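So that you can tell them apart, the chains are marked A, B and C in the order they are listed, and the count of residues begins at 1 in each.
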């Protein structure tokens, strides 16, 4: 049985981030939601708190967080920003900078990671394509070696942070097919700065988390240097999962933060709100779901940190790749659903106000909804868990 | 008992200069403490070689010879006596009546003897007057030795200070010099079994505590302004004035005042003395918002206060901020306009007699402590209320 | 230059609730924080150390139960060089008189500081007494209600609040200053690197044996003031909401209500 205990440093960091967020983040969420933008000075303030790409080594501007510590920040941002926009900004960048840092070349890393840690660039992930969600083997984007350089062609969509990259610089960890005959075994991972000529960005609107952008881009004959290749050529499919797993585990923490905060909002509401002569918190119809949600979110929280702890253990060779994948998938499979169920009930308790735009919980609901899909849908998570239980010969898509 | 160890004395004369009662003299290059020492401790504090020590018996002594309720007066320079002093005299009379003792007042300052009659009218039997140019503005170094000396000499049973900035600077210093307990920011005083029962809020006003000082005398407290009721002045009251000769040399003070920036004019009512306060918060921080409140305050002969955010945003000076990091007030009427009512704000105004809250957010916590709550736009409510007051002939 | 900053761990009073049945404080689940006034004092101390340059040191000093360590760890993360926690059963239950005795003795034991900085008051007790009492015990001049401190050689130039505004005072060090944050003060939140650095800084816990004071003058036994009773403040009557009518009508109702209570 793997257990973990937060260290004194981690508890201090949680407290510090909570205080930082109470002063600098939560009071601005409404403004961010309205302007559909995370203000740059807030991103700079996150940088000052060392919350950007925090797992990266100090020589590239990071703080060398382990995965559990990174999860603590995710949970706190999930609590503090009910649109989850800053949480998404944080977790996407943290996860892909983590992978980039682990497998990228020194030349490329030292060019793009330090500005991102300072809040002057964004690092995202680009895998999804039109018509291709989880089925990566059928993607159209290709990368072709051309002397010392590589030519990229194709299209990506539903990508977080496209406007942020346009605004501040940076780029996306991108995957494309290199050996067209080999399916997922011929894919290459590389860093694609979106400022290069030949990239045409469009933005979409989403139902929630309004302050961080989503969009897509056409890539037409874009040239990148060899140093931008992340890991070995044609091995991209195998390493991209490490980034995903990191992101999925942090998403689970973000969901815990959002759901717990919402339950706390609910608790104060049901203690005050009277119906038929008593606070509605006195009714079992309210108490039972409260107890159930609290229990589920507490379990989810334990599972989420366990998953992150296993990512840390894997680095020391104390946990296997398969165990990590399975534990992360278990947490990610349920996190958004359970959080939504909890937030949904908190909205319901508040009556018509729960459906009002002024109610933070409805914004949290819309935000958390995205996590049933983002970084691997909950259905894919189930196939991963089933794969580990049944064996590889039962993989659905083979 | 005061002891001067002659072997240690280096003849620096610091103690001679600092003694407010002028009883230390130099003999053969050594300081000698003469008759009339009040044990005020000024010399002990400045002696660089610890040649002077004062021993005070703290516990298990006969407490019966301590008698009298004392109030340490506060004035605004030579302009006027602060209300809090008159309120304490009123309360002091009540307490003195319960224990069969008299009320005295210590009046320190420069050119303040003229206030002695007013203090007697408001309840003092005796006024100790110590005047010196060095006392024209409050300083801990100027005031503390005189107050300590008088207390040590006359042994009162109870000493009350106003819980003002000056009072909260002075009282703990006096308490430490005499080895006494001190209860801060009292909102209630009464007598229980012959002891002073001191009631004060704690934990941000979430809880109240009754404090006693059974084994030391005098029993000392600072008391919040505007909580106690002053007596109607009685011009026929008779009292004794005792002039305390002091010689204080401000050049011996280690803390030197270099600049004074009074944001409120002297003579104008301070926020903690006002009985009606119209206070504005975030909701009023727009152009012309506070002008409406000024008008309302003017109509009601009150003053305008504010929450912290109005100071942060530069709409009002810090001196009128109500709350934990500002001033604690307890007026008869507190009108909170556009103030949500954070716990920190509530701490500063919760003990107001009547609270009116005007806010557009029905969920604002201020409504939980308001006697009258109005959900709406203050830009409509305030002018309508001003018109209503005027129509009824003002306050 | 040596600066000693006294800090206190306090329950976050904005989270304190009173049990409606028993009228007692619910301390369960109430987070403990560094007293906000003390955090300002500490950050001023760190700033002054930077400004003074040379051999300068900031010591964070606290008295409290072992859990008060977390306030001192925060002080270290905010830049203090070392921390001392006075923790001993005999210190418990102290009023401000006994607290100042303990802290003053600890200051002596920690070596002669040039400056002692305290928060003006702690948000749990709000007494503002401990600072001046320490100053008196150490025979130091005091400046209370300081919002801004500048150093000019051995002289501290302080802007302090008064009842009527502000005054600027000068004091030669050593001195004790109690601090209150100005309106524009934004408390720092230490990032992870500062937190990991804090863990490596010297941290000591001192019992009564370290400070050379007789135990029976300390803590509850040494406190001249005694808490006789604790009770919840009288509940205000439920207020009246004036709503659903025009501003003029509501204004009229309010006037009548206030007139009836004899206020207007």
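Simple rule for what comes next: a contact is a pair of C-beta atoms (placed from the backbone, for glycine too) under 8 Å apart; a residue touches a chain by one contact, two chains touch by 3 or more.
As the structure is a computational prediction, the values presented were derived from the model and not from experiment.
Chemist: Looking at mean CA positions, which chain is nearest the middle of everything shown?
Modeler: Centroid comparison flags C as closest.
Chemist: So which chain is farthest from chain B, going by the mean of the CA atoms in each chain?
Modeler: A
Chemist: Quick one: chain B and chain C, Cα centre-to-centre, how many Å?
Modeler: Result: the chain centres lie 20 Å from each other.
Chemist: Need the CA-centroid distance for the pair chain A / chain C, whole Å please.
Modeler: 40
Chemist: So, what's the distance in Å between the C-alpha centres of chain B and chain A?
Modeler: Those two chain centres are 56 Å apart.
Chemist: For a test of understanding, state which residues of chain C touch chain A in their complex under the given definition.
Modeler: 31, 70, 73-74, 77, 186-187, 189-193, 195-196, 198-199
Chemist: Under the touch definition given earlier, write down the residues of chain C that touch chain B in their complex.
Modeler: Against chain B, chain C makes touches at 11, 13-14, 16-18, 24-25, 95-97, 100, 123-133, 135-137, 139, 141-145, 157, 161-172, 175, 180-184, 223-233, 236-237, 239-243, 247-248, 250-252, 254-255, 257-259, 261, 263-264.
Chemist: Please output the residues of chain B touching chain C within their complex, sorted ascending.
Modeler: Residues in contact with chain C: 44-47, 58, 76, 138, 140-141, 164-166, 168-169, 171-173, 175-177, 179-185, 192, 197, 201-216, 253-264, 266, 270, 276, 300, 308, 311-312, 318-319, 321, 324-325, 332-333, 342-344, 347, 350, 353-357, 367-377, 380-381, 383-385, 387-389, 392, 395.
Chemist: Report the residues of chain A in contact with chain C in the complex, numbered from low to high.
Modeler: It comes out as residues 8-9, 11-13, 15-17, 19-20, 23, 48-51, 54, 58, 63, 65, 69.
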